[in-house]
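Below: one structure, written as structure tokens.
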Amino acid sequence: MTKPLRLHEDRLFPADPGTRAIARELYGLVRDLPIVSPHGHTDPSWFSGNAPFTNATELLLAPDHYLYRMLYSQGIALDRLGVPDRKGLVSADPREAWRLFASHFHLFRGTPSSLWLSQVFTDIFEIDVRLEAATADLYFDRIGEALKTLAFRPRALFERFKIEAIATTEGPTDTLEHHHSIKKSGWKGRVLTAYRPDPVIDPEHVSFKEELARFGELTGQDVGTWQGYLEAHRVRRAAFAEAGATSTDHGHPSAMTADLSPSVAARLFEKVCSGDFTAHEAELFRAQMLTEMAQMSLEDGLVMQIHPGSFRNHNAWLFKSFGANKGADIPAQTEYVRALKPLLDRFGNEPELSIIVFTLDETSYSRELAPLAGHYPVLKLGPAWWFHDSPEGMRRYREQTTEAAGFYNTVGFNDDTRAFLSIPTRHDVARRIDAGFLARLVAEHRLELDEAAELAVDLAYYFPKRAYRL
Amino acid sequence: MTKPLRLHEDRLFPADPGTRAIARELYGLVRDLPIVSPHGHTDPSWFSGNAPFTNATELLLAPDHYLYRMLYSQGIALDRLGVPDRKGLVSADPREAWRLFASHFHLFRGTPSSLWLSQVFTDIFEIDVRLEAATADLYFDRIGEALKTLAFRPRALFERFKIEAIATTEGPTDTLEHHHSIKKSGWKGRVLTAYRPDPVIDPEHVSFKEELARFGELTGQDVGTWQGYLEAHRVRRAAFAEAGATSTDHGHPSAMTADLSPSVAARLFEKVCSGDFTAHEAELFRAQMLTEMAQMSLEDGLVMQIHPGSFRNHNAWLFKSFGANKGADIPAQTEYVRALKPLLDRFGNEPELSIIVFTLDETSYSRELAPLAGHYPVLKLGPAWWFHDSPEGMRRYREQTTEAAGFYNTVGFNDDTRAFLSIPTRHDVARRIDAGFLARLVAEHRLELDEAAELAVDLAYYFPKRAYRL
Amino acid sequence: MTKPLRLHEDRLFPADPGTRAIARELYGLVRDLPIVSPHGHTDPSWFSGNAPFTNATELLLAPDHYLYRMLYSQGIALDRLGVPDRKGLVSADPREAWRLFASHFHLFRGTPSSLWLSQVFTDIFEIDVRLEAATADLYFDRIGEALKTLAFRPRALFERFKIEAIATTEGPTDTLEHHHSIKKSGWKGRVLTAYRPDPVIDPEHVSFKEELARFGELTGQDVGTWQGYLEAHRVRRAAFAEAGATSTDHGHPSAMTADLSPSVAARLFEKVCSGDFTAHEAELFRAQMLTEMAQMSLEDGLVMQIHPGSFRNHNAWLFKSFGANKGADIPAQTEYVRALKPLLDRFGNEPELSIIVFTLDETSYSRELAPLAGHYPVLKLGPAWWFHDSPEGMRRYREQTTEAAGFYNTVGFNDDTRAFLSIPTRHDVARRIDAGFLARLVAEHRLELDEAAELAVDLAYYFPKRAYRL
């Protein structure tokens, strides 16, 4: 009655046999390379505490917005899936939530979630039947048992996954205690942080005021003044760098940058601190802060990441009931050519500065980002991101960026995930898609096989190491 | 001298032999399924009157804006093609018009019109030579003779096409007499209507005032007041539902929605009724009416369709000379994320409401619509529409929507046509392209064959039935 | 140690063997057709003077912004590459610059530059090892020696390349002396000019004032008045036509057109001449001038080209140091539907007018340009342009324009280049990609082989001749 679950070794390669053979060969060169994960959202406490994960629902379903957004779109209430509400309360029984998920697993056909989970189920939990209503309990039990074993503790998995380095992302007022504790523990796993100061940079952030106050306390700076505020950033950046960070990350609604005079910037800062500001002033302040962050990156060498273009918490009722990051962030049109100009006018030709730009608006690949990255020394293109971190999305990314930006202005793969168990499969998908793209270039005699081989390894391993200064 | 016209049984399948074999297998499952046509523009009088069609030009050329727009773009005057002018006058001799068309048929190479017509010619009229100047008369005569026979009457064709249900589209002041007459006739063909209230919702519609007056007469409501106007909609929606409608349809210039307070809405209604309003007020009124229509759909269960983004009657001279719908509607950039928010803030999480959104702006597929439909319970994605109802357009649709929205937030195919004879081939094209897309997923081991088989049938048959509550 | 450089005869064809065989057959029909190059930027003095080119760096590297923009993006200073600074000074030793380029040639993997150069190296210079640090001197010497021979003089290459006609582009105040001298010389090579009046049409052009003054002198018109200014254009257009021009070219920031009354236009002209104008007034003036140029094209029969959407000289520092056209022009979002309406309202249905529209914003292909060109008699689509003149770019162009515009509303290929030696390979790439696209349509049974054969020849040869009235 159950259906077999088996991953095909040629999955995701182009179907044409000649091209597939080349893809297979290229993939063979990168399949077993260590994982470099320079941007993501795993929880450092997993690696400091090394406590066992609890059960399938809490590990795989409840934290994964890719999964419950799709289930929600088909009418399944979030609380039935074990998703915590705004106060953190969970009302569903984990096994019941898992059954509900299992009986709707067909919804994920054709999506990357289905690919990722299938590989997690087979490779990590060694399950060989497909997930459906009839196998829900088998899955829940098998996963639950595995999680009790030492082999499934976070550090053991980290080593099993051959993670050479992984970056987490922390807010500006994070104490970084888990990172410190990992370091002190003597464990060899390399877990870095990244500086994501949005909560003290975005005047429209729900807890801007509180975060700013805490930012002042933590740094001992007078963050009521523009100079003190900037100094506080310098202090925290140094603390993050000390805890291993090699990058900062900025998740703004748009890519807008500004280059105001110090006195105008100071007045704007006063304005946004007062709480009495317009949406435009908030935007302008964020814009100015990107340029300030670039200036500091030039000083301290942290690579700067700009992740714009998500309309956060689009679903008002859901935000009120369940809070942020619940699958209701929607990409919006994003302009780069005019938006980045003030920053680029000031720092665009600095050989020591490195800015990695991401997009959720695929129309910017060939029109704006590849031409920009193919010219400005400071710019590099981040990989296909979020909704586009998928086989078709990654293919479009290469097809639409390579001709104007080349491969060498890209930075390899980011898994960008909080779904720890999916990290190996996410990197595997990227390696397979890149192998397939390179194979097509070889099959069409646009690239020599030896060049493709070198590039495959660069994309999978050396580019992220180099771009993130790891 | 003439060239053979033969349709290849593998047409539109991917060329790779392995993928093609899978596509052929999947297509075999759906090839002979009945046609469900939930959105279109056939004329209900055809099915009530069942009168014979006249000749090739009046049946196939003069009403098809896909055809004469292309001919016009190459310098052929519309009146020479049998297209009626603004007053409905036709000056061309039908045979001469057909000859002109035939001698320019090469212009359609590579377009969907060429695909559609070739199948109409071979499958319906059993012609086996290609259309060109030399065969124009042969075609005109053969088609003319066929049309005189009973087998080519509208009802006979309807049955031959295996149409399980077809929806036409009527304006708010339509008496629905043809639908009533079909019902009374005892004929079993299922012909539904759909409520398209644009003429009384769009203050910029050329006959808004007259339509509104007639709307009041027909419903017995005081449409000079906001409450009476809303009630008139309720009355007409009930009448349409009574005549079989399961959906409404809204063809606005943009996707903008609004959620004004009743008193503000009432004042805005007064404004637009006065004739003294700005373009912005017209837009805001249409926006508000989408939200009102959603409210009524929640009450009466009619599925709501939003078809935005066409710049109507772009060619000023042509509009003056030949009137509306003459191939001069041009897609424009269309924003959804901000535009739909007011409506979604109010109704986005209603389990009983269903809104199907279409686009003419393909950039919105992966950036806006798939992420929205993959989250909101009320939203589903309409199929590739109008200029994108084509092999490449349908492929891009699946490639750009599936990964974020899945298949299950889509609604199968709409033929959206007034070209009755092309309905079977349009559905056939969609079934072939979907089979090819699914086959690629199978060939790349991203989907199991049994899953693809189930999906092929869903896409061709069950999804439209379910989505349109048929 | 060196690696062989060999071009595969099947390069750029689809990998599927069945499709490839068709592509090869179609390509065989066009491979040796003469080159018609109706839009480009070669220097007419090459063909009038017929002086030898100097060395590899000055011929191939220093003038090619595709090359040095990529090198610059990876941190290589332009002056080290032999690129002249703002004053025209070159500081690098040509051989050293070439070595630097050679040692970074891997950066071009996957880009069209790599394709173009490889074919220039093999076909024109008969070099059979790849370019890299180790072969830099071999290349520099081999190319240098070749350039000294008569066979590598501009006219000899022109004939070897089988160029039937080539258009250069000149500004409104160019004396066209080189074109006159070519004509007088008795040499049979057909070198045309094209009228590109941007410097006297764009009030924001750096030398608008000086150019305008010179425009008056050259034409003997009072260009201080609107009527005199328009008359001066007529005079110059006639002179260009006399020197062989069949087209004009307009490179505006946007596609905006306007149709102001003569008196309003005259006042606007006064305004922009005064130097005291807003950015909007400058835009409006350019917009009005497109319509005026269309009017003149209707009178004198010159085909009009509109090339909008490039944000020129985006890199402020680079512009200050190295001047214009240094690889820092970046595409920007470009709207056509509303922008072109004023011009189309006036001239859209004129059978004698021909306007070829280009875009750097690929999103406009299927959404705006193909629907517009598939309707308006005056409009045709220019080929994939600049950043999109590449294998993937050309494929997307055909995939996204053919279904709504057909092939017959396109105009074949433009090489648009100042890189004279790359002209044969650029046309070859276009012919290969079109052969591959047509082959796919044949393989998918969407087009008959005989239709594809006819189209292949049309696209490569007859369409550009016809569209540019050559």
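Each chain carries a letter (A, B and C) given by its place in the written order, and its residues are counted from 1.
Here is the rule we go by: a residue touches a chain if its C-beta (ideal position, glycine included) is under 8 Å from a C-beta of that chain, and two chains touch if they have at least 3 such contacts.
Since we're looking at a predicted model, the values are computed, not measured.
J.: Hey, what angle do you get rotating subunit B onto subunit C on C-alpha, to the nearest 5 degrees?
T.: 120
J.: Same residues or different residues: which describes how subunit A and subunit B meet, taking over half shared numbers as same?
T.: Result for this pair: different.
J.: Just how far, in Å, is the C-alpha centre of subunit B from the one of subunit A?
T.: The separation of the two C-alpha centroids amounts to 40 Å.
J.: Using the touch definition from the top, which residues of subunit B touch two or more other chains?
T.: 14, 16, 363, in rising order.
J.: Where on subunit C does subunit A make contact in their complex?
T.: Checking each residue of subunit C against subunit A gives 3, 7-8, 10-17, 69-70, 72-75, 106-112, 114-115, 311, 314-318, 327-328, 330-333, 360-363, 387-388, 390-393.
J.: Quick one: which bits of subunit A touch subunit C in the complex? Just the residue numbers, please.
T.: Contact set of subunit A toward subunit C: 14, 16, 18-19, 335, 337-338, 341, 344-345, 348-349, 351, 363, 366-368, 370-377, 379, 399-400, 402-409, 440-441, 443-448, 450-451, 454-455.
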